[in-house]
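One structure below.
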Amino acid sequence: MPSYSVNQLFVSLADAGRELVRGRLGHRRRQPEALAEELLSTRGDASGAALARELVQAYARLDRDGKRGFFTQLAVRHDVDREAVDGAIAAYRTQPDDASLRRLRGACEPGRQELFRRLNMAPDGTRRLVEMRRDLLDLLPDHPALRPVDTDLQELLAGWFNPGFLTFKPIDWNSPASLLEKLIRYERVHKIANLEALRRRLGPDRRCFAFFHPTLPDEPLIFVQVALVKGMADKVQPLLDRDSPILPVGEADTAIFYSISNCQVGLKGVSLGNFLIKMVVAALEAELPQLRYFATLSPIPGFRSWLERALEANDPVVGADARAALAMLDAPDWPWDTEKAEAMRPWLMSLCAHYLVREKRGGGPLDPVARFHLGNGARLERVNWLGDVSAKGLAESAGMLVNYRYDQGRIPANHEAYVATGEVIHSSAVRGLMPALPAVA
Amino acid sequence: MPSYSVNQLFVSLADAGRELVRGRLGHRRRQPEALAEELLSTRGDASGAALARELVQAYARLDRDGKRGFFTQLAVRHDVDREAVDGAIAAYRTQPDDASLRRLRGACEPGRQELFRRLNMAPDGTRRLVEMRRDLLDLLPDHPALRPVDTDLQELLAGWFNPGFLTFKPIDWNSPASLLEKLIRYERVHKIANLEALRRRLGPDRRCFAFFHPTLPDEPLIFVQVALVKGMADKVQPLLDRDSPILPVGEADTAIFYSISNCQVGLKGVSLGNFLIKMVVAALEAELPQLRYFATLSPIPGFRSWLERALEANDPVVGADARAALAMLDAPDWPWDTEKAEAMRPWLMSLCAHYLVREKRGGGPLDPVARFHLGNGARLERVNWLGDVSAKGLAESAGMLVNYRYDQGRIPANHEAYVATGEVIHSSAVRGLMPALPAVA
Amino acid sequence: MPSYSVNQLFVSLADAGRELVRGRLGHRRRQPEALAEELLSTRGDASGAALARELVQAYARLDRDGKRGFFTQLAVRHDVDREAVDGAIAAYRTQPDDASLRRLRGACEPGRQELFRRLNMAPDGTRRLVEMRRDLLDLLPDHPALRPVDTDLQELLAGWFNPGFLTFKPIDWNSPASLLEKLIRYERVHKIANLEALRRRLGPDRRCFAFFHPTLPDEPLIFVQVALVKGMADKVQPLLDRDSPILPVGEADTAIFYSISNCQVGLKGVSLGNFLIKMVVAALEAELPQLRYFATLSPIPGFRSWLERALEANDPVVGADARAALAMLDAPDWPWDTEKAEAMRPWLMSLCAHYLVREKRGGGPLDPVARFHLGNGARLERVNWLGDVSAKGLAESAGMLVNYRYDQGRIPANHEAYVATGEVIHSSAVRGLMPALPAVA
Amino acid sequence: MPSYSVNQLFVSLADAGRELVRGRLGHRRRQPEALAEELLSTRGDASGAALARELVQAYARLDRDGKRGFFTQLAVRHDVDREAVDGAIAAYRTQPDDASLRRLRGACEPGRQELFRRLNMAPDGTRRLVEMRRDLLDLLPDHPALRPVDTDLQELLAGWFNPGFLTFKPIDWNSPASLLEKLIRYERVHKIANLEALRRRLGPDRRCFAFFHPTLPDEPLIFVQVALVKGMADKVQPLLDRDSPILPVGEADTAIFYSISNCQVGLKGVSLGNFLIKMVVAALEAELPQLRYFATLSPIPGFRSWLERALEANDPVVGADARAALAMLDAPDWPWDTEKAEAMRPWLMSLCAHYLVREKRGGGPLDPVARFHLGNGARLERVNWLGDVSAKGLAESAGMLVNYRYDQGRIPANHEAYVATGEVIHSSAVRGLMPALPAVA
């Protein structure tokens, strides 16, 4: 007996309904707007699947302007019906029971939410919805009126991509080339030149893990790259070097998470990374019980821009001596000019510690990477001088990197403390770096 | 590199959070009610996963009364907060924008909905939720106040078990014995004595298909059994007979769906069967292009009880002659007593056609199986005399079976017509059976 | 891209050659004898594959007499060419170099050997050859002249089924039903009534392992059934009892091999069992490090018949008292008649120990099961009174069973000692049972 | 229940025997020569597996000189025992029955043959034997006395790698990167720069197939690369061009086999390619029934060197005019110098046809690629002017390529005719190119 591809069968199913659909829609049949209305009004599976497919295909033929038009329709015509809400409120006030409450709740849900759910009947429906959201996010800056559509779509996808439905897989050099190619495309932190360069990152002393979703088996959602090393690594270039020697795995005592990349733009805001890191820690502890330290080697992407703002604003945390020294930051090759570098080192290290621990936004650290790892229960462990001397590293982080440490036993407590107070948990080494607080008056 | 079981890792993850959880909950730590509150108030993944696991385990230790207590807590304490609803209504009236609408919608959602979502972080969370609903459904008849909890849980599961997430698989004699054993347990229509009896149902001229969900890979959700035959089968016993000859598949022109069983009580009300039948039709058309007919061989489970009510109520559709003949229905072996059987045959066939086509409830046919297949777009094709002479067949359907025919090209149109008018689409053969309508006055 | 079944392609390939073959063979084309000659004379792959397939199919159509005729042809016409041997001997004597030696060796090989190798090009060729040998073994007792054909075929199969090519797999309740069904058919030691009975033998405290060959992925070659128990089991019925309680695996300290069955008659004489037992010991040690004992629970299949011969021949090892007591062996229910059983017990235990340790044939023990396990490096550990009271157990082994113990550390030494001296290594408990040797004069 | 890696268990098994082995061998225990003798004399599985592993490991530690020593031991000490042969001949003459014939045959087999078979018990034994043969082939040119060892090893491997045991698999961009990397390493005909270059060769209008053996699942044995094109391709560079447009598969009518590479040096002389090509033809016919032509695009690797010898020897087939024109062959860029190229074209085409059809060696064509394809049943179809203008193509084939056509219906007949007469079957187009035969006197 042959095995069946669900997608192929979805196609058959959709074909069965297509003719009916075509007849009914007449000349409007290839317009996504008409298809959307029809899909919302149908009740049959076969015609529903057919309509979902037609709509997905019609959408794919749209250019940017057409997509804008389609989303605008969703924002306007498939929005919440305000009259229905008012009616449901009135009914609820009259008779405040479960049924009227449920109707009120239903009335508050925009029609497009059901449309998205029905689109999932199209062949490869989930993938198409993720792609739609990617397009939508691209339109948002210019068309803020589409934001409610995005909020709805994100809510739906967050429900479908919840951790209980994800699969967790190691990726290595035996993985399909087509998948490895995607890692190269999706890598956000430290670019990968080509498959040959990726090979070293998948060597015997490296690990790579990703989350997948059952409906997108060939698409990583997020992946993390790990180096197994002796001692907590403080520089990233040696880890990326294709010709670096391979450490026998038995000698490693530390797992360094040196790159985490979200792959699907369309899943922006759907929380995946925090769960992934913890599963990787658990997986590595199971495989290599001798590992003692789990830590990231992370950029400080907001440091340089904060520093520039501080200099401009004459922030007293940057004293006169510091200000004088830091003028050399504009010298193009300062990291390789020992004199300049050493002159700036104490100021940069100190201000970096200050920036990470004390500069806040909305109750958490200003730096987005710090916010992510502290929210996960990590501790700010160490600031590393000249940890990343790539152009990007210099431009964003003034060449520094930090280690956030994941100590399995302390993660929950760290997390709880951070959530409660917003305080940046940090090591004594980091504390030692921080400048005295400027006198208040 | 070893492969990782996500469930094992979930366990590790949960372990990491467990200690914290235990500390915080103190002596209440094994009570599901306390765990539920804690789980709703936490924000960390590790402690969330730990709490979800603790709660699932605590729940598993409850007896029926304990479960009732737990669900009552969900109904009462984790219900919608009415004051919050009133507040949100007021705010919305003051400023009827998107944000306040969204808050209103949120206020209308009971807290238990979020609790269920978080429980999905427990190892095997989805499975546990399906089991919880099974327990809940068992309690409902005696405890109608729990119905809102069930409505919420059903809504959540319906979203998660939507067709776009299901996988469709053929089952045959090469399938795992542990899976085949479940078919025996879950078969609802025609009991299967044991694995040896199942063997014939998986022979070369039989097919079996099921839906699965990625989170329950070993649990069929619904399955259908198909016999490949020559001509539209009118009796089921020959299809079930272990010693029936095997038809060379190339000679079959008809696929008979003789049994469809839902497997998971906990998914009651989640629509699966309509999609399954259509996918099976598509799969069989792809495998065996020579098939010309697709039809069920179905019971009429409500016929006998309707007939008895009609007799009792002196319904004029049952004339005096019919009434006289049908007295013989109580004779235990009437189907094998040719004289009696032939005497009743015209009346039973005619009344069965009447029952299926004309007796309605809420706009559709009274018979639940008819409602299901007509709603799917099938046509009532034929009434089969003595199609099922098992004790169950006699007791429910007076020994008759019907064929509902799935004609791929007409399914959408049939479905649309049925939905629009509630009319039972039927063949001329069935029409010919129906009694003249009794004179109105 | 679709995946390809090699067997299907073999068929295509064979089809391409078939027409040519048919033309050439004319009316003799369906006779296996003609096909065999043609196959040996061809050099092309396509026609070779075609001929191999034709031959395999023609063979399958033969009845027992036809098969006898075919094998006779192999014995006579495709035997070694004696003249060629004489010629090669002469040439070797004239010029005794490598080349003439190789030719001599070639001349000594019967043509049928090459025929068998070419038959492996037929679709499913290896399977067909194993089946052919099964047929041949069935003919041998009546047709001893076919023995050389069998010797050649066994030699070929022994080379192909060498341990380096076998795959070792656990079988459990998740295995395909079609495979489990084969276990029932192939079980040789303790019959399995049906799949439900097999279920207990695959429970959590049981293990089952088999060897497979890549060319017969659905056919176990040999399998062993293991019970995980506390203490060395001395009775088999409790192990087979469907309702026996399940031991938590963590409490087991002993693995009992209570059944080993060869599955393929056609592989008779190809040594598989010795390797399998040792791999199972290794697999169980890896899975359950707490296991301390590995032992069989084995029948003594030659005991009863030896005992009868000894009684008849007035063998002095059976003294007068024993002889008197053993008359009760003919009582049908003696094992359940405590008085009779106890009266015979000392004599049967003692004679059984004697039989196993001292009765020899060709340098090894007379009992075939003893020969197998001692040759593998096991030790005769214990004789168990009324270990198997099934009809078969009483008829063959007088109701007794023995444990052969596999002590991983001692297997090689035991084996070497046994091979060197033929001595039956046994425990002091067994030694204590043995009767004094009868006085010589 | 966990699954077991046979190789790991082999290791356990070998460990069990190791201690015994070590004790017995004393200080010689790490010398392969001593281990070989011990392995041949043991009879136990565990110690056999242990010895096989020790020997394989000891061998791996040898340098080239050590390997030469080891193979010399095999050649000398584990050769045929000539005295035993003489004795067996004498015994056979006295009593020329089956048993003595079998003993004679046994006496003619060198002991190393059994040694190789036992080495297969080592973990990954088959792989190690293939590697050993690779080493041996490397030594042969300098040490011709080792040739008999190679003959034996080749015979063994040919039996194990017979077509009935091979698996046939398509390779594409979803294959493991580690496998694709091997294709790059093993490609013999048209070098592949890197994985990115390979990507085009695995595009939608390309196919790649390989043979594997169950004991080396990660090692292709031989692979063929196919381009799906419109019309029979006459130039290879467009097929290799990374930026060439992708042909919709439905438009292709021809499959061009443009590269076939053996991967395992250690399997030299084991015939694989002929079977592979035919299976690929069958696979492509099944996948793409619209294909009408199957042909290679092959080099003529012996043409240039033959031509130079012919010129030097004043072979009359090269007339005076041709000789004059062909002097331009030494001009470095002649293919791009239209005048020169056109001046040589008629002579080169004509001489190439002559070379392929008429120049013979041992009853077949002199050109090795022609010999391979004609032996497989292909026909010499066309000579392509400037089909391969790579440096290698110019140096070996004077820039020309030929198509050998595989016409499924004619393969067997072509093959038979070629085998019978050695004649090169060729098209009329090729015939038209050939020069008149020079007058004999």
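Letters A, B, C and D mark the chains as written, and numbering starts fresh at 1 in each.
One rule holds in what follows: a residue touches a chain if its C-beta (ideal position, glycine included) is under 8 Å from a C-beta of that chain, and two chains touch if they have at least 3 such contacts.
What you are looking at is a predicted structure, and each value in this text was computed from that prediction instead of being measured.
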item: Chain labels contacting chain B and also chain C; value: none
item: Chain separated most widely from chain B, comparing mean CA positions; value: D
item: Chain A and chain C, separation of their C-alpha mean positions in angstrom; value: 60
item: Length of the line joining the C-alpha centres of chain C and chain D, rounded to whole Å; value: 38
item: Rounded Å distance, chain A centre to chain D centre (Cα mean); value: 50
item: Chain D residues counted as touching two or more neighbouring chains; value: none
item: Overall pattern in which the protein chains touch one another (line/ring/star/complete/other); value: ring
item: Every chain pair meeting the contact rule; value: A-B, A-D, B-C, C-D
item: Contact set on chain A toward chain B in their complex; value: 1-4, 6, 8-9, 12-13, 16-17, 19-20, 43-47, 50, 80, 82, 85, 89, 92-93, 96, 98, 101-102, 104-105, 108-109, 117, 120-122, 125-126, 148, 151, 159-160, 162-170, 172, 207, 214-215, 274-275, 278-279, 282-283, 285-287, 376-377, 408-409, 411-413, 415-416, 419
item: Chain A to chain D touching residues, read off their complex; value: 173-181, 194-196, 199
